[in-house]
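These are the structures in question, set out in turn.
Both complexes below contain chain A, partnered by chain B and then by chain C.
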Partner chain A sequence: MAALVGAVFLAALGFVARVNGWWGRLPFVDRTRVATDGGHAHEPGSGLAHKPSGITRWLTTVDHKDIGILYGMYGVIAFLWGGVSVMIMRFELFTAAETYISPEMYNALLTSHGITMLFLFGTPIIAAFSNYFVPLLIDADDMAFPRINAIAFWLLPPAALLIWAGFFTIPLDIAISPAQTSWTMYTPLSVEQSNPGVDLMLLGLHLTGVSATMGAINFIATIFTERGDDVTWANLDIFSWTILTQSGLILFAFPLLGSALIMLLLDRNFATTFFAVEGGGPILWQHLFWFFGHPEVYILVLPMMGLVSWILPKFAGRKLFGFKFVVYSTLAIGVLSFGVWAHHMFGSGMDPRIRASFMATSLAIAIPSAVKTFNWITTLWNGKVRLTAPMLFCIGFVANFVIGGITGVFLASVPVNLILHETYYVVGHFHYIVMGMIAFAGFGAIYYWFPIVTGRMYNRKLAKGHFWLSMIGVNITFFAMLLAGYFGMPRRYATYSDFNPELAPLTEITFLHQVMTAGAVIIAVGTILWLLNVVWSWKKGGKVTDPDPWNTKEYGLHGREFAWFEQQLAATDGGETESESAVATDGGADGESVATDGGSEQA
Partner chain B sequence: MSIETDDGRGHGHDSEHHLPAVEDWPKGFGEASWWPFISALGGSGFYIGAALYVLGQGQSPIVSPVAGGAVFVLSTFVFLTGLYGWLYHAFIVDFWEGEAADFGFPLKLTMLLFLATEVATFGAGFIYYFFIRAGSWSDLPPIVADGEVLSTLVIANTLVLIASSVTIHYAHHALLNGDRTRFVRLLGATLGLGLVFLAGQVYEYYEFIVHLGFSLTDGAYGTAFYGLTGLHGLHVSLGAVLLSILFIRALYGHYSAEKHVSVSTVSMYWHFVDIVWVFLVVVLYVGAIV
Partner chain C sequence: MSDRIFDRETMLDLSVNFIPLGILLFFVLLFLVLAPFPGDPLIVLVQMSLVIIPGIALLMLTYYSGNAIEGSRDDEQAEPGYSEADAEVARSAGEE
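Take a look at the complex of A and B:
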């Protein structure tokens, strides 16, 4: 087992090391910069001369685009480990009895999957997009604090080492094993596990919180103070609006989690009573954790909604319908998100009157969420829809949100919640959100901005294959989870052969688990296609020579980031005399069409 | 997070282009810099040190019990070197050549945002206290039962901290009015009062732990008391460091009516820490015995 995990890590690192070499090819043109924290102005047009080569460039960079790429690489590594850990679990669950991993290893993987996907993939991958593109979208020279931007990133790799430490030490056979607390780290379980791997994980989590908080402060300062002369609050793009709101949530959510983690560490190591029965009690941990935890959901999903609100109109040929209301709904969700946390605790024996009020606020979140959904649908209405890979992911995002969101409305209702709580229904619900929405929007944005970041085009056949496999896989896997939840299958179980057949019929449950595993394999195949596509296209994809690869000018939807890209192409054009640069922008291999992916209209 | 509170100064953006990074050491590249990486190394070293400390505890320690402390001390050195290089090369080395601060608004906004995060940081601790205060509130240490927790020392200390808020306010005003002597004196007074407060806290801890036998592990109230006053004490210590930087720079002749951003931001921080203390005394000391 340990060897398998180790091999996966080595493979991931080896892959990244190979990608590393291509970074040097990224288009780069300097801009004059004056920054507030010691980031320095330098003359425009000096080009790569200012950047050292090799690893030094990446260790010393304060360029928001470089840091965005670093965040992206980090997020992808985390995503791969998160995916591998869940595949190991899914194969174990293929049969009801214990087969090839121990229940302890199952718990460890379950914990690592959740923590990795939320803290090491979710937040950083959003930071990748926002670092690279928010300054371009608001016409800023860079972030308000380029050096703080760099330090915020560099705190993350040590954080990951601490969080994963328990897995690294398996081959050493010392008394550190991976934490088995689940990502919610509920007390007293998390206090009583004497394994120091838990302490290391808590320390690592605290470090990611410091990093996220520094990033959030930087984004708010950037959007407030670094906007270009013609970027006002009235015409600020939707993605920056969501990043602004998200940063506001981080400002209160992550420091509170940080304090709670320190309190947990003190309870574990210095016999304090923060979460002990004679002190605050286990319920205090739940309150503090979910006061962070529920806003965390919106910290992850709001920017992704912003990406979809930004990309979807480009391929619908229409402006985002009801822009103002999409902004208002973003702000409304941001405010409401701090008032719903106790819906995670309906089963904890709290006062029914408090339960009722949290049910009301939780249901109320459906309103701004529906405002967004209907605005996306209305944007498509009578639009000139072009089903490019980014557009497919946006539409898949909206479709999955309908299922993921409405199952959430059911869970917000106290009587339904009490029955479905701690079942696979909950797992299915939030995976529709985190995989069906957050990852989908991420994939869509990667395809949409691939030309800007790499200067090349992805292979669109692979990209569409990736979409359909992901869409089908997600709906098979997570719909089966919803059904298993209706059958009463509880969450977090490594085996299910000993269940009372009255409560959970074994035949049906086993069948549904096999369906889930099959669906997960489909998702994994799609993800491998995506990886191959990105890796291959980054190196060999057709060079993008058209500054408007998505033909957005035609619809009056040209974004500032592509206007910037046009300047980049104009600035570097002189040097590009390779024959490769004549290749069309749709992935090169596609002989059938000279148009870009965006150019082939299918509506 | 203190780093961005320092003085913003305009780098020349005209023909007299000045690039401090070129003189930077280790050598930066254009706008690139080693300092964030070095600071991050030191910063995460604190966490590695804490992790090693945990591994060095217990019956059969996994690493040497001194490893954690050693890494922690080393990291402090690396971290401070990183911050010093960063601040020195970015702001201080050519303070005199800089223009009046262009960055007053972003830096003050940033301090405000940082203080918002501090509300959440302190919030978790206060929520714990409210939980136990509104909960069973039993098994109280004698110090609470006797009312000894609210001593004259605490009241005097509170007055000292409030006085330091007043002095820093008037120090800033003196600077804005061009009265440098008064500015430096009042700034020194603020720093002195802050140090007196910290000494008072240390003395209180000594009295409680050694003479009254009231410590961190002394029930639910002990946890709240040392958790909250300890967190606040750390913040006052950071404030004292910031005030020292201001004071030393002021002695070297830095700051004027035009260039005073870091005085503003440190002042905001100091007032915040002061307000938290007043709230803390009201709920944690007075609130425990009424």
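Take a look at the complex of A and C:
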């Protein structure tokens, strides 16, 4: 394995060198402001005109919108992989004893679930929205480096294959099995597991980091240099602000993860001692990992907060309350998130004085998070709320953040943490955020921009079913996790039949686990509705001919992306946009305005 | 950061970041007053740096972003992210 890893390093080096050369030889494209890396510069409005057709188009595209769609597809596939793996785990946990799968398989699924959801679903699904919409929102012709943008995406499919490799090799029987390190990859366990599947996973993770860093540099360059003439720092939209902040976080966090992963690979394959007791010690890994890991959670949540800050006002009929508060608090979170990492390590035997410092910074970072919540609530206050599917997901996002955020503040307090650390309480806390917020905002944004991306409308009944099932399922599943944590159920266990009943009462815990499984089934049903809806509507949904499908003009809330959409419609169908009456709804419900999505207006 | 650099309204916008700064300051003072452990200069240095460095970084970023945002403020320009089009204008214009 050592030789193989070495060869992969060399191959990667060679690849980078080649890419460099190839990049330098490219003809420079006419318009310098676009296509700074020779990427294909396209005239705004003539989008599809000179693209190859079929699969070649998707393999060769450097158009930010196409790449956004590719990221989206990728994120959805990863979401399904992560979802299936967690459903298998949840069925296993329905009973206390070992039933369907071995504990080894459980650990493998747990690892795959966590890593897939964070690195292969979370970051890419955000890149889907940012690639498609940031250039439109800041009036840029494309990303600053369209080719680098494409390379960043195309690093991801091999990354997924490497990360999932251990599962693919099970039937081959070649002694490569899936990694069982959990997403935190704590040493010494991750060094001791001699399974080559771990190395493959680490290499795959490394690729995702390279991809994310390339994307981040591209977004920073784009937002700094490609803004339209009338887009300044003062009126940069909130989603682009969060993407800019996120890119800054990625720039400092992911290279660090990359270095730590290489150190881990070296420890595993070349007998270095970075994380060995006689060397840097296992705690070194924890510090390096969480110095990346805490910013990573904000890398995932900040852009989603940006999406909600952008979409929620549209259906509240008012501008975002305290826009500048949201901008400055986003930046504050960005900085402070690098100063709180050891709140994940309160139980590791640090000096109490240093623990106290991390508690202080963790409490401080809760303020800018809470400020945003108040801004969203104030935006809704006295607004004309229209409960469309995107709006429902935004409101669900805010509600779930109240629970997810407050449980986080409790965990940040050292004495509380020492009791709840490594229990299901922690799992409940972060799932309120990763599922209840990150996935929710993603769904909301998909519904909101569905007309722009597909030119069609989704089925709103299914969309609402999707929302309610998700909202109810999330709150059942993850609230039960918080309770199970109070009962002392430790996290990352495949069975719970032989715990000390004094510490973890079996009856209550079994019941809570069954509730969690039931909740997870509800979420799964909702997700299937969503998938069917999106696939069906993309092909067969009613065509959207109204450039303002959400009636935002009425409130003076018409965003640049929909203004762009209007130009597109005008360019492709001639005068068709005139006929307001020909508004396509999702299921031909004539006479009902599409904009309300069936939601009732409330004063 | 004095009132002369930023006007009142801007200070109000920035105040959102003074609250976490205040919390950090509170803890620095608390750690100075309440030190129940035997003094170890190295640890105290680390302890203080962990709170003070993020505070300074936050102050700096707030200052520079405040400058960038206020420096480019122009009452004529469109709202953040919004096209010029609004209720009255039927045909919206995404371009300038």
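By definition in this document, the second predicted complex is superposed on the first by the 533 of 603 C-alpha atoms of A that agree within 3 Å, B and C clash if a C-alpha of one lies under 4 Å from a C-alpha of the other, contacts with A are read in each partner's own complex, and residues count from 1 in each chain.
Rule of thumb we're sticking to: a contact is a pair of C-beta atoms (placed from the backbone, for glycine too) under 8 Å apart; a residue touches a chain by one contact, two chains touch by 3 or more.
Since the structure is predicted, the reported quantities are computational estimates derived from the model, not experimental observations.
Contacts of A:Asp173 after superposition: neither chain B nor chain C is touched. Of the two partner chains, chain B is the only one touched by A:Pro146; chain C is not.
Legend: residue contacts after superposition of the two complexes on their common chain; A:Leu203 is shown touching chain B, with no touch to chain C.
Of the two partner chains placed by the overlay, only chain C lies in contact with A:Pro352; chain B stays clear of it.
When both complexes are overlaid on chain A, the residue A:Glu502 reaches neither chain B nor chain C.
In the superposed model, B is the one of chain B and chain C that contacts more residues of chain A. Those residues of chain C that touch chain A in the complex are listed here as 13-14, 16-17, 19-21, 23-24, 27, 31, 35, 37, 43-44, 46-48, 50-51, 53-54, 57-58, 61-62, 65-66, 68-74, 77-83, 85-87, 89-96. Residue ranges on chain B touching chain A, taken from their complex, read 1, 3-4, 8, 10-13, 17, 19-21, 28-37, 39-41, 43-44, 47-48, 50-51, 54-55, 57, 60, 62, 86-87, 89-91, 102-103, 105-107, 109-110, 113-114, 116-125, 127-128, 131-132, 135, 139, 216-217, 219-220, 222-223, 227, 231. Those residues of chain A that touch chain C in the complex are listed here as 137, 139, 228-230, 232-240, 310, 319, 322-325, 327-329, 331-332, 334-336, 338-339, 351-354, 356-358, 360-361, 363-365, 367-368, 371, 547, 553-560, 562-564, 566-567. Listing the residues of chain A that touch chain B in their complex gives 30, 32-43, 46, 49-52, 56-57, 59-63, 144-148, 150-151, 153-155, 158-159, 162, 165, 174-176, 196, 199-200, 203-204, 206-207, 210, 213-214, 216-217, 220-221, 224-226, 251-256, 258-260, 263, 266, 269-274, 276, 278-281, 284, 287-288.
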